[in-house]
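Several structures are given next for inspection.
In what comes next, chain A is part of two complexes: it sits with chain B in the first one and with chain C in the second one.
Our next item is the complex of A and B:
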């Protein structure tokens, strides 16, 4: 409990430093910092509908973060999470296109989730194989697979799955409403998706802490040679961790397609994969902190949409805040380990 | 410089590595710090060298209290430490390593005390600045090297050097930086007798120049031979001090509370064939392994002798299935094992214990109990933490590891880590392959460990171990294989050989 509070205090100090820096940037660019923060706040938490949007962003980020925690545990930088999310979306779109016009929409939705997990898992598994069999660093493998995934998405949108008449950046044709995840009308997010994300948090926490898989991931991540001599097979666990991370990222892709956009878009991942890497790092790889940090990032993302409209500021300000936040965290962590030694 | 350490404390949580240590180090003397593993010797020295920060206490250098927080600040005050593992860059040359950390050649390095070179005031080098500096530094290196009778080739890559030569290089580098206080942590581990003699002569010379030399060791003979004063540490406190001449029995009592005795070969009668190697070669290491023909039987204890990197390390790894052989055949009992990995060997009861503790033996960040969880291969999905904690508790009591099941392994001292690795060995292995099992253990622990290992042979286990201490091999092994340049050049019964024959054999001289 004490360490939990210390962690909390550290985050508070860091946030203060980050806001000081962001304020400086805003003041230099001639905008009123206080106004910008106010609009970000209003834009994210100002109404139930907006909170609904925040939760919609929180769900995929949390799903990806849970998966990434496993790959970080075994010492992998699964930067391919972005492409895994896209492939989840592609597989989902394929299933839902099949389901259009059928009389069993719920069945197709369920299969869409399985297909999404399979798509993301497949993409991660390939990166994992490249790592374990080919000795390709997972960062390069993942980055390459991201480009391939993005290429496939664009090719489908402008080719195979283009809208009748005209292909456009606005994506494929909308699915019929019976293939949308059902919404609570007041807050406009899907309880099923929220439930999945919460389940992912709980299951990941249990797995990492109380099962052999969790301990083995940690052992291999800390010292693969010693883990091998103690009887573990690092290659097998690398593939397992990648499958798990890819599967969760794929489900995040499914939710982006079936719940948020109801179609396949070029920017279907909304960069949530990359953001999740930052979320996990900022949480100091602690599952209990991840949901809160993901919520904060979701607020920044949704709230900053207001900036262009209200202040003629580019919404990339949220990116500045998030980036500075992570750099500050890494600095604080480096400082902490310096003090510890 | 006179150095006073006053009431030094270093606590790691509840563990008090140093618990109020006070001592005085006079200039121009060689001061020995003696103690068993985990007595707090290395911790105290690392505090003095600025590598670890103390929890409490005061360091007085000369007549002023000194406070510094990192090794660079300590070396500015004239304190330098030679660590147990040399901190050099194997891929760079001797000269490059020597240059590292030196001040730029113009103005010349420190106020050179050992025949320093002074470049003309204000002269600007015309050639490429690095090249000009290099010539000066090269000269300085060979001057220093000659002075101490060291044999260093400036252009040789450091990876081709022996441990002893790497030590020499590090000492010269520290001296060129203007070190007045030289700390050596277990410097006689892993070096040959001849290099030890050279090292001791150099240290005596330095002390005669008025420098303070601190020698940390658990080897009582070395310390008694070289030092003027000895401080004995025990459980993080000063157990006693002594001036020349030394009474070894009394020193041993201060170290352990009682003098330890020595183990002897088990004398067990060897049984059936266990491991057979026919014409086995493998590549790796400095020399590779060439055409090994060996039969190891049940109940045999076989020592592997040789200079470090002569093929013993590779032999153990090939015998464990970790490194695949390039030629030849390996059989366990009657099963051909070529092409199988370590896990398949493990299933046949072959267990390998590496010497590099934190690199291969233990997993930093995991507790002792978690290591036992990994070893137990528990069935089922959920961890059974209490079962592993009990097992861990039983084993750490038996193996006298100073820690509890929740202790993270990286916070144990070197000797405790070594005992922990030995505690991982299963109850009834077929063949134990141990890399330097006695390294870093004091006499008492080593004795206890070998008694324990010898008890395995009653259960038909064969043991192969490597060691850089010929005395250890002669003491506990039934048979010794001598490695030279990747070949087994001798295969002898220990009772039919002696230390002189072995010493010339490891240097490649076979009569």
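Our next item is the complex of A and C:
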């Protein structure tokens, strides 16, 4: 009970700090803080349609976060998740373009998911190989590959896959509706995608907790040398964790293409890969907390879209809140370990 | 179509366009030489660009603008350093969070300064020197920001490799424990050079919004520069002069990209922006390979290969990214 209260107090202190900082920022920009919070709240949870948008943002973030948990467990900073998502989207677009006009759209959609996972997995696997065989730090490899992926996306949109007539930043041509994931009409999100994300959470939790793979990932992550002496092969597990993370990120990319935008866009990843890194850090690497944090982040992202329309503020306020939250968490963790020592 | 005059103007454009990237790369080189990775570069450049523009517009003073840019850059870098050194949190994590947060903060606070005309640095050709054929146009027909970036390359090199303070800086980056036993305080040195490097990064941001791409907006045009600078620091093997050369190479590629776009109209200009990143990965790969005995044996009697490996044999500061623990 005592630990519960201490935990509760920590969260309360942290939230108060973040709240104070955000309010200060809002006051500086000359806006009414209460009004801004109200619009974010209404814009995200105010109606079923808005909730549907929140869930649409929640799905890719949760998928990416599950994968990232595995790479964090083995001690890798898989910053390349953003590019892995983009490559998933690219591979998916390739398959859906093939499927346009065919009489078996469902088959092509299923293959599109497999292709998405393969695209993300491939990108992660290259970064993993660079790490294990080439001695290239995964952060720099991942960052570099993100920009290469962004270049590929732009090149495809403006070159190979450009719209008939004029190529533009608005992306490739829309897919025919039979290649869209079917929606529940009331809330406008795809139950299949939601199911997939929930499945990813459960499977990741089970894998990390109850299988040898999960145990070995943790062993290597906490002490690679000892794990190697025990006969584990860190290189192989690094590749495995990267493949898993990349695959899930790729599927997130598939969903962005087939369910959210129905085409390939320059900003197809919507920054969700990078945000997922924040989600996992804020969740303290705990799979049970990840869905909740991802939901909160999704609410902020969707709700803040209202700010430019209602209050002439920039929608990037959500990013400020998210960043300050993570910084506050890191500071609280530091303070905690200081107290413990 | 191209003639002599065009080439000198093209090179002048390369030097002017590279100025902010040179400043940011030098700043990050200084910080990383002390063993600290400041991953917040991209966001902190944007935030300092916004602050510099806003302050210069409100006060009407360009100096105040540059000063506030430098202060912002130093503050963000010092935050990374403080979290790493005193709170024992991962540098990478804090730097990454800050890069996202400061970028969004810049967009949010700068909203009302969007697309507003403001002050900008005026050109200042150096009398006499500017009349030297060719070199005059390339080096002496710029503004103060560009001259500063050129001078700072030499200054950073001199400071890091030729002064006692620079020796201490490198010692802390290579082996903080050994430096400590010689009476140097790694924590203080790291905090100091994080802030100094951050200052230069802030100046890079300020020179974007007050000089290279005047004004503020979303997007400003400086997006991605921080990541490019990070890549260039590695490409330059943590050496200020090589890093600056990398910045000029990148700027040259960008200018070339404009010409190339005429030849390949289907390839958007953004694709050419990607070039530094495969180069960065390639450099890291070669650095790793150059240290391997088997690779060195293989390259032994291949003159060309040996030269390549020698060029890429620069190594990262020994304690880069590893926070110093004083236990």
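The rule is short, and it goes like this: the second predicted complex is superposed on the first by the 328 of 341 C-alpha atoms of A that agree within 3 Å, B and C clash if a C-alpha of one lies under 4 Å from a C-alpha of the other, contacts with A are read in each partner's own complex, and residues count from 1 in each chain.
The rule is short, and it goes like this: a contact is a pair of C-beta atoms (placed from the backbone, for glycine too) under 8 Å apart; a residue touches a chain by one contact, two chains touch by 3 or more.
Computed from a predicted structure; not experimentally measured.
Visitor: Between chain B (first) and chain C (second), which does A:29 come into contact with in this model arrangement: first, second, both, or neither?
Guide: A:29 sits against chain C, while chain B stays out of touch.
Visitor: A:216 contacts which: chain B (first), chain C (second), both, neither?
Guide: Touch status of A:216: first partner only.
Visitor: For A:320, decide between first (touching chain B), second (touching chain C), both and neither.
Guide: second
Visitor: Tell me which partner A:227 touches in the superposition: chain B (first), chain C (second), both or neither.
Guide: first
Visitor: Considering only the touch criterion stated at the top, classify A:191 as touching first (chain B), second (chain C), both, or neither.
Guide: It touches nothing on chain B or chain C.
Visitor: Chain B or chain C: which reaches more residues on chain A?
Guide: Comparing chain B with chain C, the partner touching more chain A residues is C.
Visitor: If you stack the two complexes on chain A, which partner ends up touching A:140: first (chain B), second (chain C), both, or neither?
Guide: The answer is second: A:140 touches chain C but not chain B.
Visitor: For A:278, using the defined touch cut-off, is the partner it touches chain B, chain C, both, or neither? Pick first, second, both or neither.
Guide: Second partner only, chain C.
Visitor: Once the complexes are superposed, what residues of chain A are shared between the chain B interface and the chain C interface?
Guide: Dual-contact residues (chain A): none.
Visitor: Taking the complex as given, what residues does chain A use to touch chain B?
Guide: 210-216, 218-219, 222-223, 225-233, 341
Visitor: Inside the complex, what are the residues of chain C that reach chain A?
Guide: Residues 39, 83, 87-89, 92-94, 96-98, 100-105, 107-112, 218, 224, 227, 230-231, 234, 266-268, 270-271, 273-274, 277-278, 280-281, 284-285, 287-289 of chain C touch chain A in their complex.
Visitor: Which residues of chain B touch chain A in their complex?
Guide: 52, 322, 342-343, 346, 352, 354, 358-366, 370-371, 373-375, 377-378, 380-383, 424
Visitor: For the complex, give me every residue of chain A touching chain C.
Guide: 25, 28-30, 77, 79, 130, 134-137, 139-141, 143-145, 147-148, 150-151, 154-155, 158-159, 162, 167, 274-275, 277-278, 281, 312-314, 316-320, 322-324, 326-327, 330-331, 333-335, 337
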